[in-house]
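Inspection log for the structure reproduced underneath, given as structure tokens.
All chains are identified by letter, namely A, B, C and D, in their written order; residue positions are counted from 1 within each chain.
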Amino acid sequence: MSVSTMEAALLLAGVLFMLGLISVLIRRNIIFMLISVEIMLNAAGLAFIVAGSKWVQPDGQVMFIFILTMAAAEVSVGLALILQIYHQLKTLDSDAANFMKG
Amino acid sequence: MENYIWLIPALPFLGSLLLILFGTRLSRALVAILGVGSVGFSALITILLGLQFLSEKPAFYQQEVWQWFSVAGFNPSIAFHLDALSIVFIFVITFVGFLIHLYSTAYMADDADFSRFFACMNLFVGSMLMLVMADNLLLLYLGWEGVGLCSYLLIGFWYKEPANGYAARKAFIITRVGDTAMAIGLFILFQTFGTLNIQAILTQAPEVWSVGAQMAVLVGLLLLGGAVGKSGQLPLQTWLPDAMAGPTPVSALIHAATMVTAGVYLIARMYVIFELAPLAQTMVAVIGAVTLLLAGFSALTQYDLKRVLAYSTISQIGYMFLALGVGAWSAGIFHFMIHAFFKALLFLCAGAIILALHHEQDMRKMGGLRKSMPVVFWTFLIGAASLAALPIITSGFYSKDQILWYTLAGPNGNIWLYLAGLFGAFITSVYTFRMVFMTFYGAPKTHLDHPPGKLITIPLVILAILSLVGGFIELPHNFAHLALFSDLMAPVLPGITANELLAANEWLFQVLAAVVSLGGVYVAYLFYQKSPGMLHSLERSSLAMKLHRFWFSGWGFDALYDNLLVRPYVFLANINKRDIIDSFYTGLARMAEGFHVMFSQTQSGVLRNYVAGIVVGAIMILTISLLL
Amino acid sequence: MSQTDFLHLMPLLILTVAALVNMLVIAAWRNHKIIYVITAVSFVAAFLSLFELRGITAYAIDPLFVIDGFGVFYIGLILATALLISMLSYAYFEQREEQKEEYYILLILSTLGACTLVISTHFASLFLGLEVLSVALYSLISYLRTRERSDEAGIKYLILAAFSSAFLLFGMALVYFSVGTMTFAGIATAMSGLQELPLLLLTGFGMMIIGIGFKLSVVPFHMWTPDVYEGAPAPVTAFIATVSKAGVLGIMIRFFLEVDGFRYPTLITIFTIVAISSMIAGNLLALMQKNVKRILAYSSISHLGYLLVAFLAGNQMGVEAITFYLVAYFITTVGAFGVVAMLSDKERDAELLEDYRGLLWRRPWTATAFTAMLLSLAGIPLTAGFVGKFYILAAGVSTQLWLLVAMLVLNSVIGLYYYIKVIAVMFQQPETEAETPKKRLRPSIYLASVGTLVVLTLLLLIVGVYPAALVEIIQNVFATAPEMVAR
Amino acid sequence: MILLWMIVILMAGGLLAWLSKKLHPVLPRWIALFAVSADFAIALYLWLGTPAASLGASPWLMQMEVPWVPQWGVNFILALDGLSLLMLLLTFFIGILAVLISWREIKVKTGFFHFNLLWVLAGITGVFLTMDLFLFYFFWEVMLIPMYFLIGVWGHANRNYAAYKFFIFTQASGLLMLLAILGLYFIHGSQTGNYTFNYFELLGTELAPEEARFLMFGFLAAFLVKLPVVPFHSWLPDAHSEAPTAGSVILAGLLLKTGAYGLLRFVLPLFPTATVEFAPWAMLLGVVGIIYGAILAYSQTDLKRLVAYTSVSHMGFVILGVFAFNQWALQGVVMQMIAHGLSTGALFIIAGFLYERLHTRDIGQMGGFWSKAPKMGVIAMVFVMASLGLPGLGNFIAEFLTLVGSWQANNWLTVFATIGVVLATAYSLRIMRKVFYEPAPSDHPLPDLNAREMLIAVPMVVVILWLGLYPQPILDTAQPSINQQLQAYQEPEVEKEKVAVVEVPEAKLRIEEVKK
């Protein structure tokens, strides 16, 4: 592959990352926030793969696997927490969870 | 004998120390013995020493008790230097002081704070002796401040009365102003001569400074400032009349006989400086002249017996300054001595009267005491005569005449000064006899109880005799030429020679002086005895009223200083009570709190804002890393 | 992996095993005490195993790890801290009805993560360590499920941490993309070649800084700190404040020194800004704060700012200063949160200033200990905090970072105010005679906590009065870490 | 070694006092009293044991040095010269008084109180003794915390605010000094390659004018705030008026003196050139302080606050004298430190006595006490007179020497300073009037001083009189160290060799003795 396509792929990852970022910013529902963060993580993974393929090394994909596992772990904990939150607040609106401030 | 010099001040100090420590527990008799005895003994020693001095005629006696301190060549010691000048002062202080103490035992007999009174009196005598015996200016300064303190303590002796306290503070602070000037003078002297030893300075000064040298003038003026403060001369005279708030013996001792003449002593002591600084010396003369007139006028208008005496004191010291100013040194000192006698006498008499009229001081409420208290009358009359300088018989005549004479005929004599002095003499005798007539003649207005006892009358008599004959040790040379006193002073203070062409007809001026004083008496008689109606008609004229009010208030100096200095200072102090600078720091604190509130807004607790925060940070960092 | 590799990784292995054993034991039969003992023992064992590695010169386990003096010291620091925290945890959890045992597993795991971090020399291991650390932390923070504050803190931390590690990862990816290797050494060599850094690389570093900065809770990535500190159980808060930061700081220093980041003004500028703003924001936020845990949170932000000053000094003295300061700061922080934990009861942590009013009159010794801790935080002599601050100042002055140093001084003055405020509250005489302290568990439970507090206080004073010993150790550590002594 | 003991006794005494509270409530008082007296005895022994003549060229009586943090070149150096000796005597004398005053006044937490009291004293002792800049800063801070507690726990109504203010002011300034110390340390290190905080070695440092100026300001910051000099004084009135009597006495009598001591010991010899160019401003500050403090004192209605402002005014003389750079002025400063320590301390003690009896510090509430409490009146009179600089009392010698000295340096400022003395008269007399003379608005019962209180007051009177009438012993003791500080201003080169080369071997030699 030529370098220019590499750049393009990286750009794609960047765009993906930005999308995730923005949706974290605008979403209020915690689950959606979690999902968008995952998107960002996957964007990073994609970037790794791109980089790996640029240097023709497996490392990029290795990192991607890592990221996936980690993301899975994170999401599982996250969902557990969200359950708890829902029990207590009866809502998933992240803005409602602001007992601690100042 | 000269080994016991140190006892002279030590005894009063010891006395006052004992009284302070145990005064409250001792019986009144014991207190009196301690208080009077200590001064009495030092008077005794003084007299013995004086006799020895007269017989041996040494230049001076010197005694160092201990080295006070010594820093890099600045080593004043607690040491005494006795020459004729200081001996005269010591004599007056101890002897008159002794009499007044004696008098006080009766006067203060039924006062609650008997012991405190004597403690302070002794302390005063001690410090005053320090002042006049010191061989260096720092020790002199110690005595100088010491007497200031004592006058503060004694003026405010009856402290329950706020007015007294006010008078006391006024005295202390105003004299302190003068002292400040003096202190600065000392700094300069030390810088120039590397020592504060009086004799050393006197000897070196002519070598270092030429006549009229700027520094000399400066020092002269500064010392004069100190003198003016203590001696109640213009412009720092305002404290003296108020100082009458103290018990009468105090007024007699401090504000007539001794302390207020400290200024005279200082100037006489440092005469070399003043001779090197003609300007300063002229200032002395002028201040003296002006003061004696102003005070005289004020004295004319007073009704309070003691205030009259106070103003007369101011004006008499004015004469002394005048004398010093024209270089008639010994004349000035001579007048000091005589004045001490008759002024103490007058005050003590006044005290006796006041006591008899249970603390009534207003002359308008007095009168007709001639019959009821003859001793006091006669003694007072003598005192008055001496103050008014009635010719021939009173010593006041001789001392004052000498001053007037040299004011005119002295090398730096001056006709205007002379006229001022002459007119002053006239006023003096007017207000003196105004006093006599108002108090002792006419109809009795207040019933008097317990006429004065022995302890009171004895000192009066002694002082009366002194103020009659005391002057006979110095008689004009055209009239049984006798100059014991000026001979005594000769080794210490430079003599003075009269201008020849005037000297020829000196008698003319003596007659003039005599006429003036007698004239004064007549005027007083006219207004206050023969036909009071004239006085009243005079008083009714609006101008006279204004003048009267103006003079009565002592030429409005008090008001002036109040509005010029005191009020602004107090105002300034009070508006800044909370200390403006502090508010700056509190301001800083407020600012920090403000920032805190601002920042804590960002901690909204809302998750998305936190995310936003991170994003902002991210943008910031990325922009930096891309731009730089 | 050879046997020597195992030997060198012994502490980490011990921790791993400990975690597994705990799990099995719990499965067999729940008992707080036993789990607690196992944990403590394993920490001690791991710590002791470090003595095998004393005076070691860099032993690389390519490409992921290197075990050198620096790493050993930091692992030691982390383990010791974790041990102390677990000590304090026992009494704290004993009085709560949740299932207590898993807490220790999570504690061990996140410690393990931190340890992995400080010895890793490769993005992969870095990432691995970081995530092991964080994922365990999520659940630790929200361990007391029944408190909604705890959950709130948990979810906040989770989202934000994931968010920031996305940045970190993307940054890594970019770096990898532009230099073609993920080992620090490789990156260093690649970079030493080029004078001006390519844009991508810089962007990568920038994003990594975001990820790291979040974990270090420096401005502007600090916002989570107070909430998480407040919501988390006191011992966990102590853990976040100390262990996790030690790990991240360790890796940061390692990486930065390796690639010699001090050559690049861009990075210096960024760090300077971050440092200053952290100091100021942290202190000002804490100024009028009424909640002790939040006060400590904010103060930790500013303390990180102080640390960055020494970090920016960039010479050996700086690194020594950081290390020394960390030790001092850990002693202090653990102690402080220990006191908080001690005073907490079933329902809630003792976190409001009110809970401390007149403490000196109720429980003089606890109050004294807490006072000592606060004074140390404020950097007052006789305490470790002072020497630490002195060391940092010295490092700053030695490289003429006048602006930063001035800021440090200014801020430690502001900081004084709120530390003293807490002390003042404790020393206030209660109007009503001291009310009887609330019902507590039997004293023997508190033995561990009290003992720990005593030890900490003594350490605080010893380090404060005779720092020479510690300084010596640290200097030796860096003597054996060659690539550090480069400058 | 004996120097170390002085500090150790205090610290150990403090801990003992704290713990002994459990055994018996009165024990702490006795322990404290004993500890301080022991130190006082030691100091006295040292003083009488060394006739002033024996302090020849080198002012150092004894020295000890043991490495403390070798890696940083920090040594535990204690050294004693005339100046420090005098300061120590003052410290312990006032310390004893402080313990005695608190005997009845302090009722709660007596153990902890005496712990703090003794540790403040220990810190102060350290400050006066140490010749290692790191150690100096260390002690400098050590004396603050216990002081903070003294104010914050046993103070009056508004104690917290005052305590904060005191602590933050002193800390802020102290940190600046720390920066300066570090700067000096690195400059000296980079010059000689020998990184050390040793005062004697640092004396030799050559500094570029710029550096010197900045470092000097660093040191000045700490000392001027502590002194205090006017724009930085505003912590003092609060601290003084809110502290318990013992606290105020120690603040006024000792803590302020550490500032003056610092100026003499460090600023003058370390930065000869910089100080000379700064001198006029410093003297100006002094004069401003004298007058500003006096004006503020005049308007105060809180007795302790009033006295506090008077010490602002009096400390003005100190800085005025220090920057006159001549023997008279510096001797005056030393005298001022001692005399002011006593006189102001005494005034605070009297304020304390009154507060114990009336539970108010408002002079509006007082009055006419002369008749009720003549003893108190006399003693108050003595110290009021001292504070307005009456000859025959210690303060006069101090102020006169200072002014004589400063006159040589700067005429106009001296004139204004002298005017300040008049203002001093105004506020001092105001005390007497309000408290002892004018009748009180309301009538309180006022028992006169009891035996214990006389035991406190009389020695102070005696000492202040002694200082006023025969200060020579003090002056002689201070002389050599003052020459030392001034050498930089006579022949700088000689001074550098002398201190850097001659003193240090001697120090080593001393240590040998110590070891034996």
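The rule we apply is simple: contacts are C-beta pairs under 8 Å (C-beta built on N, C-alpha and C of every residue); 3 or more make two chains touch, one makes a residue touch a chain.
The structure displayed is predicted, hence computed values, not measured ones.
The set of chains in contact with subunit A as well as subunit C comprises B.
When the interfaces B-D and C-D are ranked by C-beta pairs in contact, the top one is B-D.
The greatest centre-to-centre gap from subunit C, using C-alpha centroids, is found for B. Central chain assignment: D. Criterion: smallest distance from chain C-alpha mean to the mean of all protein C-alpha atoms. Chain geometry summary: the mean Cα position of subunit A and that of subunit D are 65 Å apart. Centre-to-centre, using mean CA coordinates, subunit B is 39 Å away from subunit D.
Rounded to whole angstrom, the centroid-to-centroid distance between subunit C and subunit D, based on C-alpha atoms, equals 42 Å. The mean-CA centres of subunit A and subunit B are about 97 angstrom from one another, to the nearest whole unit. Of all residues in subunit C, those touching 2 or more other chains are 155-156, 159, 163, 226-227, 289, 417, listed in ascending order. Looking at subunit A, residues 24, 30, 33, 94, 97-102 sit in touch with two or more other chains.
Here, these are the chain pairs in contact: A-B, A-C, B-C, B-D, C-D.
For subunit C in complex with subunit A, the residues that touch the partner chain are 123-124, 127-128, 131, 135, 138-139, 142, 145, 148-149, 151-156, 158-159, 162-163, 165-166, 169-170, 172-174, 176-177, 180-182, 226-227, 230-231, 289, 294. Considering their complex, residues 6, 10, 13, 17, 20, 24, 30, 33-34, 37-38, 40-41, 43-45, 47-48, 50-52, 54-55, 57, 59-60, 62-63, 66-67, 70-71, 73-74, 77-78, 80-82, 84-85, 88-89, 94, 97-102 of subunit A touch subunit C.
Of all residues in subunit D, only 165, 230-231, 233-234, 237, 295-296, 298-300, 326-328, 331, 368, 370-371, 374, 378, 385, 390-392, 396-397, 400-401, 403-404, 407-408, 414-415, 418-419, 421-422, 425-426, 429, 433, 436-439, 469-472, 475 touch subunit B in the complex they form. Within the complex, the subunit B residues that touch subunit D are 20, 24, 66-72, 74, 78, 112, 116, 138, 141-142, 144-146, 149, 152, 156, 159-160, 162, 165, 169, 172-173, 176-177, 180, 183-184, 186-188, 190-191, 569-570, 572-574, 576-577, 579, 581-582, 584-585. Of all the residues in subunit B, the ones that touch subunit A in their complex are 600, 603-608, 611-612, 615.
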